[in-house]
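These notes open a run of structures that come right after.
In the two complexes that follow, subunit A is the common piece, with subunit B as its partner first and subunit C second.
Presenting the complex of A and B:
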């Protein structure tokens, strides 16, 4: 059993250890978990839509919020990124495959089965309802008694075991299998971002494994770590957030790597300040382990330590500034091709800037006291996470031809699908995190761009008006392009004509 | 083949006059032929990752409901020990999963899967480190963090309780004996490596056997220790017994328990190596013995930290 059956057979996909196959498996499975987590998000919105309605019970709502967080952070974002990492890192470093092919397959199957365990936990008396941060003592059996809560914790434990295998694999591969003459500074930016990610993963996920084991011990064996009055709940905070802060960069860095690649390709030039970008990536990776208490500003930690953490938090924002400036200057100094992958990457940068700035405010202790428990926090992390996800989708468009051998299919210019898209564009705004009455928005006619005169026509959210202005601007630009005889819309070579860039 | 790092030599092959060989030369330099399986085709498929993951999934599914499904009665002595099984599904899944995990792990080890390192590569800063050894060191680094977190948790809880208010739960003498036992087993595992390197099958079996016996002795002493604590002093995971608080008991049992789990896992691997050595393996390639030795030393070093923390202060 050492040779591969053909791709059309099921057996092939169960036994393959090939990095490209496993990359594809990760990507498709992650998209499924995106849908799962997305449905949970919709359930949250349904619940919040109207204060009078209670579609879900209180407990079920908490389960939805918890599972939404766990699934999106663990089972969607990172695996989606690692689908690309699996496929492209060996290609980028000139290796035949990852260092440990069976271990690679193991990481994938651990990921899948852990997700299945999480799904099963819903049916074991209800899944965990303690939030994705699973704070103590809410996470002990006295306060979250369902078997499914333990099931969710063990599912996460299994996920982390798989992640550890993947980490060892990527570290060994990147440090041991690079092509001759490819020094670390010569590696492509996506591989660099993955290298930084897996170094952080090595130490961060080990902490999560430990805290997960302690929680599992409390729940399965009956130990009393997290219900102890001698600092049990604070212990959870420290151990979890020591993992939790590097984790958010672990989630973001692969997306950053995709952005770095796409910005270079579609501006036609090497990254401005490439060496400094690499140094910043390394600095952030190290500093990410020095800021965790900024997630704990509302605990009994003394002010001196909290102030130190505020200082380190400001410190970690500095290399991020450099990264953002490097990206922007690369565009300024380049000749931009407005292809679909580029638009995703650029949009990702905009979202990330917004999210990142809100994060800096959260790093101030006194502001944190006010922001805690508000939508400021929710908005901050959703903007940065969506920034990451958007960049990864850009990567999907960018790498789709290479992974499948096919072109990305275009949306037809006419027909019912086009009409539906047009109506959606002009009617419904997908915003983060709130809408007004979406049903009213759907009543807006396509092609009519006047905003309603009063504020009580249903679709009243200011951001909807903003979208209308943006679409008006787009129509103006298109009209200008058409009058000049320039092509408009999706072009054959993948660029989008009729925007600001002068086309040939 | 100790520490062999395949390096195909210079990219341009030269003849004895220093001129480039006209047909490109043999793409294997001389010393790659020293690598045991240099001309073997790389493997691409294995069912064991899938099956092992499934086994772990079953085990964890069983554990999720294990606590509510079972009631353990410790009684006054070991003879009175009993378990009530209220719902058989979860305990059965646990046992089936555990057995399946061991079986799939064994088969994984037995599989003839060949994943060679790159012949030519840039490896800074890890030049000269063999591929699997590098992977093993990365894994051990993460395990250091795991135990670091457990030890940090112990220190944190004890600090919050008032450092001086805790007296050691276990007795010092069994702990000291166990320390010597484990340190000696680290020595015997080195003897195993040397025996393998010298192609001494009997020596390898003897040393691996000694390591296994010493490891088992460690577990036996620990089991006796725990029995004393549970049955004589009446302290266990969540039961306080003067002068120990419940959380102090938890910290002691869970941390040393995690270490014991690592010892058990190591003994499972040692048995696997013994079985393979018995059938003639590790005479040409002693690296698996070395990697096991690295893991075993790690387990030993963790104990060197746990012993003072829980037994001495």
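Presenting the complex of A and C:
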């Protein structure tokens, strides 16, 4: 790194190919998109505050819903996790850098520019308003004519190209650049989770790249793949969900890796059934490609296929059960330190249990029929995604000293219980009310922005939900360095082991 | 096809709502119980083995990993516990789904075949074609007559619907009746529902029951307002209404595309 300008110069950050620098760039950029997506969520809540108000028009509401989904999944969660992956995977496998440092820099810049392109699309006559699943043929110019819609599709396309480059980079690095003598089974759990993630990305994003290409051709060149009456919609549905289901695990696995690391570090115990945890992770990665039609139970597919998809769906929940039990049993007979990172990881586990239980309901096809398009699905999805985000924030607190050389600013006078409740409040309270009264939830849909007076608008008043969003925002802003904190040197040898010695 | 509508709803004839409510109750009860047990167990152990507590790290084989060592796992009694819990959870989840699957077969098939009510084949059902558009619903009957946004059906009758779309992807659903069907251009989805005359008697005027229909798939700017109604009336009144409707050949053609000539 001697040839790079100092970290205080702007030029350094523009020309760097160092994995640590790029990791930091990813993390900061992702936090910006978290705020972006969070502001859109606030807008949605403000509109829902009172069904009579017109803060957002019908179209603007749909734009906010669409962009919130796309930004949180694509431009926040994964890149936030890959900020840590960039920084720590080479350290955990004892490599000097990723296999292709320049390609890594290219991936980051494509990610940033695709995000900017998405931001610009709001000012090109409105961004895409077809929902985050972008179902055909609503996604073709006949129904979404704005230039911004095309802009959003191109932004997504550019993002996918960047992601694919990054996937290849991580795959090569983990398989090829490990320290001598380090077998796959010797890798720390965070690196294992990233390895499974990039393998899924290799195949899943290929499907998204394919739909992206076809859609871009429909929107720019005027082809009619997705507007074709015969099969256009289903072509999109199948390709999108073939990508979409593995994507859930692509987003969640890095967070799981963080949880696995933090549970071991702060309980002082080694992972229970480590080999089986790794086998579960591999199984899930393969199975994730065999369940996509459970997102399409109502799309005229026949009973045989539905039965098969139901079986594979239940099948994929089993390795997850094992992962959850492994995390819980690791704590037993340990010496648990309720530090901030651990509280986040622990809260993430509780959220994930809730997400798992609500998910089993959706595996029963009869229930799934009725839950289609309601807040039950939205809540289930948010429990899992929010659980992931919570674990990643635990990672941020955990690795902050290593990445900045500064201590995390501590909040005094707060006991562990209060802090745990504080974190859970953001995740649980936000979503529990949504499923609290199932009858009401069945009638309420996420896409509806102006429920007529007298009809149910939700199980909890939107004003309460709005308040929780503000509290969440505060949590994000809390991650600050203590300026005069003692520089801390951690991960002593920097070569192997994901363990951060807990400081007393 | 309407002539033979005079029939009684059989005792074993269950609506989709009843099936849903049964499965939902079973799942909710078990899900809540398991959730409480797992979370309580986790919280209790996290508290019990807290650092500085009576039990935290007092185990004689406590030996924390140190920085720099190759990561390994932990076996012993905990691993046995892990497989026991895994096995139990697998049994619960699989039996839940097998149970729910049995009822799925009923929902897919619908009452009629294999049920004891007197029906002479599917011809006794009322068959209605539902066509979604931005932003509303068209209902076409066997004689080709088309109603917009209000579906009129008789009580105590199995209503078979075929759902399609003339523009984008919608989803046709009535939450209170607990049925939904995707409305996809170029595809036809089939489902059924029924309302017993008991429900009609419970309404204010004792004659008409109304159910709200909504679109459940984001379909454009008017998605929020894409509502409709299902109006259920006694069979004789329905017949009267139906006899007054006019035959429309284009409608018949569309209807036959979905249900075959003269119904299945």
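Convention: the second predicted complex is superposed on the first by the 408 of 504 C-alpha atoms of A that agree within 3 Å, B and C clash if a C-alpha of one lies under 4 Å from a C-alpha of the other, contacts with A are read in each partner's own complex, and residues count from 1 in each chain.
Just so we're on the same page, a residue touches a chain if its C-beta (ideal position, glycine included) is under 8 Å from a C-beta of that chain, and two chains touch if they have at least 3 such contacts.
These numbers come from a predicted model, not from an experiment.
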item: Touched partner set for A:168, first subunit B, second subunit C, both or neither; value: first
item: Subunit B versus subunit C as contact partner of A:188, first or second or both or neither; value: second
item: Partner chain(s) touched by A:116 [first = subunit B, second = subunit C, both, neither]; value: first
item: Which of subunit B and subunit C A:232 touches, first, second, both or neither; value: both
item: First (subunit B), second (subunit C), both or neither touched by A:209; value: first
item: Partner chain(s) touched by A:147 [first = subunit B, second = subunit C, both, neither]; value: first
item: Touched partner set for A:102, first subunit B, second subunit C, both or neither; value: first
item: Overlap of subunit C and subunit B interfaces on subunit A (superposed complexes); value: 182, 228, 230-232, 234
item: Of subunit A, residues touching subunit C in the complex; value: 57-59, 61-62, 65, 129-131, 135-138, 143, 182, 186-189, 228-234, 264, 267-277, 298-300, 303, 307, 310, 314, 317-318, 321-322, 324-326, 328-338, 346, 349-350, 353-354, 357-358, 360-361, 363-367, 369-370, 372-374, 438, 442-443, 445, 447-451, 491-493, 495-501
item: Contact set on subunit A toward subunit B in their complex; value: 1-5, 14-18, 95-97, 99-103, 105-106, 108-110, 112-114, 116-117, 120-121, 124, 141, 147-148, 150-151, 154-155, 157-158, 161-162, 164, 167-169, 171-172, 175-184, 202-203, 205-207, 209-211, 213-214, 216-225, 228, 230-232, 234-235, 238-239, 242
item: Residues of subunit B that touch subunit A when the two form their complex; value: 11, 41-50, 52-54, 56-57, 60-61, 63-68, 108, 111-115, 117-118, 120-124, 126, 129, 131, 134-135, 138-139, 141-150, 152-153, 156-161, 237-238, 245-247, 250-251, 253-254, 258
item: In the complex, subunit C residues that touch subunit A; value: 16, 19-20, 23-24, 27-28, 31, 34-35, 38-39, 41-42, 45-46, 49-51, 55-57, 59, 62, 64-75, 78-79, 81-83, 85-86, 89-90, 93-94, 96-97, 100-101, 103-105, 107-108, 134, 167-169, 171, 173, 175, 178-182, 184-189, 214, 216-225
